[in-house]
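Have a look at this one before I ask anything.
The chains carry the letters A, B, C and D, assigned in the order they are written, with residues numbered from 1 in each.
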Amino acid sequence: MEKIEIRDATVVYLKKPRLKNPVLVEGLPGVGNVGKLAAEHLIDELKAKKFLEIYSSDFPPQVFVNADGTIKLVKNEMYYAKRKSGDIIILTGDFQGMSSRGQYMLAEAVLDIAESMGVEMIYTLGGYGLGMEVEHPRVIGAATHPEIVKTLEKHGVVFKGEEGGGIIGASGLLLGLGMLRGMRGACLMGETSGYIVDPNSAREVIKVLTKMLKIRISLASLDEKADEVKRITDRIKSIEKSMIEKKSGEDLRYIG
Amino acid sequence: MEKIEIRDATVVYLKKPRLKNPVLVEGLPGVGNVGKLAAEHLIDELKAKKFLEIYSSDFPPQVFVNADGTIKLVKNEMYYAKRKSGDIIILTGDFQGMSSRGQYMLAEAVLDIAESMGVEMIYTLGGYGLGMEVEHPRVIGAATHPEIVKTLEKHGVVFKGEEGGGIIGASGLLLGLGMLRGMRGACLMGETSGYIVDPNSAREVIKVLTKMLKIRISLASLDEKADEVKRITDRIKSIEKSMIEKKSGEDLRYIG
Amino acid sequence: MEKIEIRDATVVYLKKPRLKNPVLVEGLPGVGNVGKLAAEHLIDELKAKKFLEIYSSDFPPQVFVNADGTIKLVKNEMYYAKRKSGDIIILTGDFQGMSSRGQYMLAEAVLDIAESMGVEMIYTLGGYGLGMEVEHPRVIGAATHPEIVKTLEKHGVVFKGEEGGGIIGASGLLLGLGMLRGMRGACLMGETSGYIVDPNSAREVIKVLTKMLKIRISLASLDEKADEVKRITDRIKSIEKSMIEKKSGEDLRYIG
Amino acid sequence: MEKIEIRDATVVYLKKPRLKNPVLVEGLPGVGNVGKLAAEHLIDELKAKKFLEIYSSDFPPQVFVNADGTIKLVKNEMYYAKRKSGDIIILTGDFQGMSSRGQYMLAEAVLDIAESMGVEMIYTLGGYGLGMEVEHPRVIGAATHPEIVKTLEKHGVVFKGEEGGGIIGASGLLLGLGMLRGMRGACLMGETSGYIVDPNSAREVIKVLTKMLKIRISLASLDEKADEVKRITDRIKSIEKSMIEKKSGEDLRYIG
């Protein structure tokens, strides 16, 4: 008779890169998928290499099927890119933890990894849901230390200036739990309606982040995605408009 | 004062058979009960012997009462059958894990057992719910490696050819978590309405599986079960039809 | 910095009695509270002594306030009574575990205790909900072994004779998990409407149990409780009847 | 490959004060926020110093944003104040545990800390929800020992004198679990509607507590808060009244 205990998360190292003063950038699924879009853009543009996968019983018990019929287990992933201005680790993935306990556990697992690699600064990326369309999204900020707030303000990041707002999920926890380990960090939230996947908002977040990281990357592919989303939403709006016009025309005929 | 901790699962070995290159076949309750029907058919036809039981706090806290008044605790079970073409282990049971955590834990427990017995290949069986009746169910596939996809295609298994589908529960997790241990595997999903227990779909799954395993077994009892289900559903349909006709007859009289 | 882990249950021994071939009798809250009523009656009539308390994080996070203003934490309790025909341990309490995991954990904790005291036979007591009033409740049974079924049948216990029924909660788990430890046991379920606390049903369960245990105890206090419940339900029925009559009288006047 | 386990709570000591016969006072969020208001008032008036923080995966996975743009992880906190009449430890925080398991675990963590500092007496503060407005809230009590009940009665605390009430959450558990460690304690619950944050009720609780602790503190700031809440609720009532009057005036015109 054997007793089996639940393992909450499994970390698989594909390689263990040696990095110089790396910063950690987090972009997981969330409001408008802003954080994930930004992180994926960064991975593409920096040609970042995957070095680690995180599997967890707090993700859905599910595999995805690829176009070629093969499968992949849902997971989070960490990538790295070496840069003269300082190496970069990027965290992204399919899901955030589903439960409160899992959120904490996964954040601690990520921080254990980050700490072991020498990370002292964390940027978490996300969306700031407005519930209505926003043409020129601003980037809302929060940070672990007042001097980071000041630096971000210089780069156009907006701080609300009032107590009580909250950041829920990995973007909040990585900073909050990181502080307990003496880490520093900032959360960059692009304004977004929250109704659609929002590359337009992700681009604004990337603009601030690249200034902070002192790197330059092309925004062309995010621009393209933003244009495509705009084309689709414009088409939907025009269909809605013509339906309303048609309907009021019908109504007129009906009344007349 | 004593402190008690939860044990998540208990594995009870009835015997420890020595097997040659065994494959693991999983068929637990799910859509149309296709996987469980197929696994049970395999156990019956191969005269497979039970060697192991898994009890878990992630199953309902429940016992079943047998016809003779005795009870049995809800569980999963593993059987084995020795074949010249390669030994076979079959996993079936009363329930899948109820929570996401339990699903992962139970899949890991099964993989621990399978690994210790030398399993390198896993077949997971299930239903593919269509939400409507299907006369000639196809078998939809997914696999851990492209070459398995190719072999399955030769046996008539259909691959969707588009990204994004998901396999939820034990049939997905055993493959996904198995890959992390270097195992290979395939999921065979028989198309089914999802509304009834579907031996017709289970038969198609078994046909593919036996070709892959290079074994021959009778399908007669699945044919019988399929006929019985057809008889029952036909009777229900005919009752429904006559009720509709009677009702429209009444309506006519009422109108006239 | 300290890390704290959850403890799932705490067992507090008030004393450690030495018992001869004790049987375990369980009666926790459930359908019609039949099991708990029966267990409490047994404790009173046998003048059983409390020797152990079980506290658990799977009970509600709650204390009760006594009439004198003092408090008591919710718990389960175990009592013992020494009898020539064999010693008896009785388990009762305020709650059953709230989650499936907790149900399993608490059942294992109770079995650990029972095993350490030499228990080989378990009686679990409960209600069998019918959803309608029952004047002469029968006792429905289930057991771990066919020979126990036969003995119970001699004492008038009814067995359904068909597969598929289930016993949910402690009354099922203690037997099911006990079997894995080589223990024997029976579940005695008194028929009850399930709508009210039912001493009438508890009495029938006690009658069978005392025959099995070869003990004699007075049923007077259960008779009294049953009479009181009958008085209350009769009064409610008579009020309902007069309200219906009054209403139909009003209706007649209204129509007339 | 690394396995990660969940840590349920993390206790961070800012300092380890040496205290003489300290009592523990708990005031966490709850009905009318009475307990938290009272605890915060005590901290302010006693100029108590924070010495410890508790973080837990049973709190929401969230950080708060301060007015200056910095963040703080949700937590519980413990403060101490040295007094000739006996030192005082005060527990307050952003949240109580969200699950039953977490409630138990956090209460045990607090008791571990309290025990290690020599605490033998605990006061838990909370609101007693009436569901209707109460002008002169009484303080309802419960205690671990009859002699504490008597002392509290002398200070005007009301005891219900009937069995069956329950105290849910930290205010109940700290006393119930504390008793298992030989600690003594009392729960002081200020009557409150439960609909608003209620400094008026908190003041009555503080009055009793300070008598029990033989300390004197100003109630001025609680009086101010109570006045402010009264001003706001009076304004709301007057708006409601004028709306009702306006509406009935409109109705009259409409009918006339």
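In this section, a contact is a pair of C-beta atoms (placed from the backbone, for glycine too) under 8 Å apart; a residue touches a chain by one contact, two chains touch by 3 or more.
Everything quoted here is computed from the prediction, not taken from an experiment.
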Shared interface numbers for subunit B and subunit C above half of all numbers used, same, or below, different?
different
Once you find the CA centre of subunit A and the CA centre of subunit C, what distance in Å lies between them?
53
Could you tell me the distance, in whole angstrom, between the mean C-alpha positions of subunit A and subunit B?
37
Within subunit A, the set of residues that touch 2 or more other chains is 1, 7-8, 10, 12, 180
With chains as vertices joined when they touch, what's the shape: line, ring, star, complete or other?
ring
List of subunit D residues in touch with subunit C within their complex
7-13, 97, 100-105, 107-109, 112, 141-146, 149, 152, 159-170, 172-173, 175-177, 179-180, 187
Considering the complex alone, what residue numbers of subunit A touch subunit B?
1-8, 10, 12, 55-74, 98
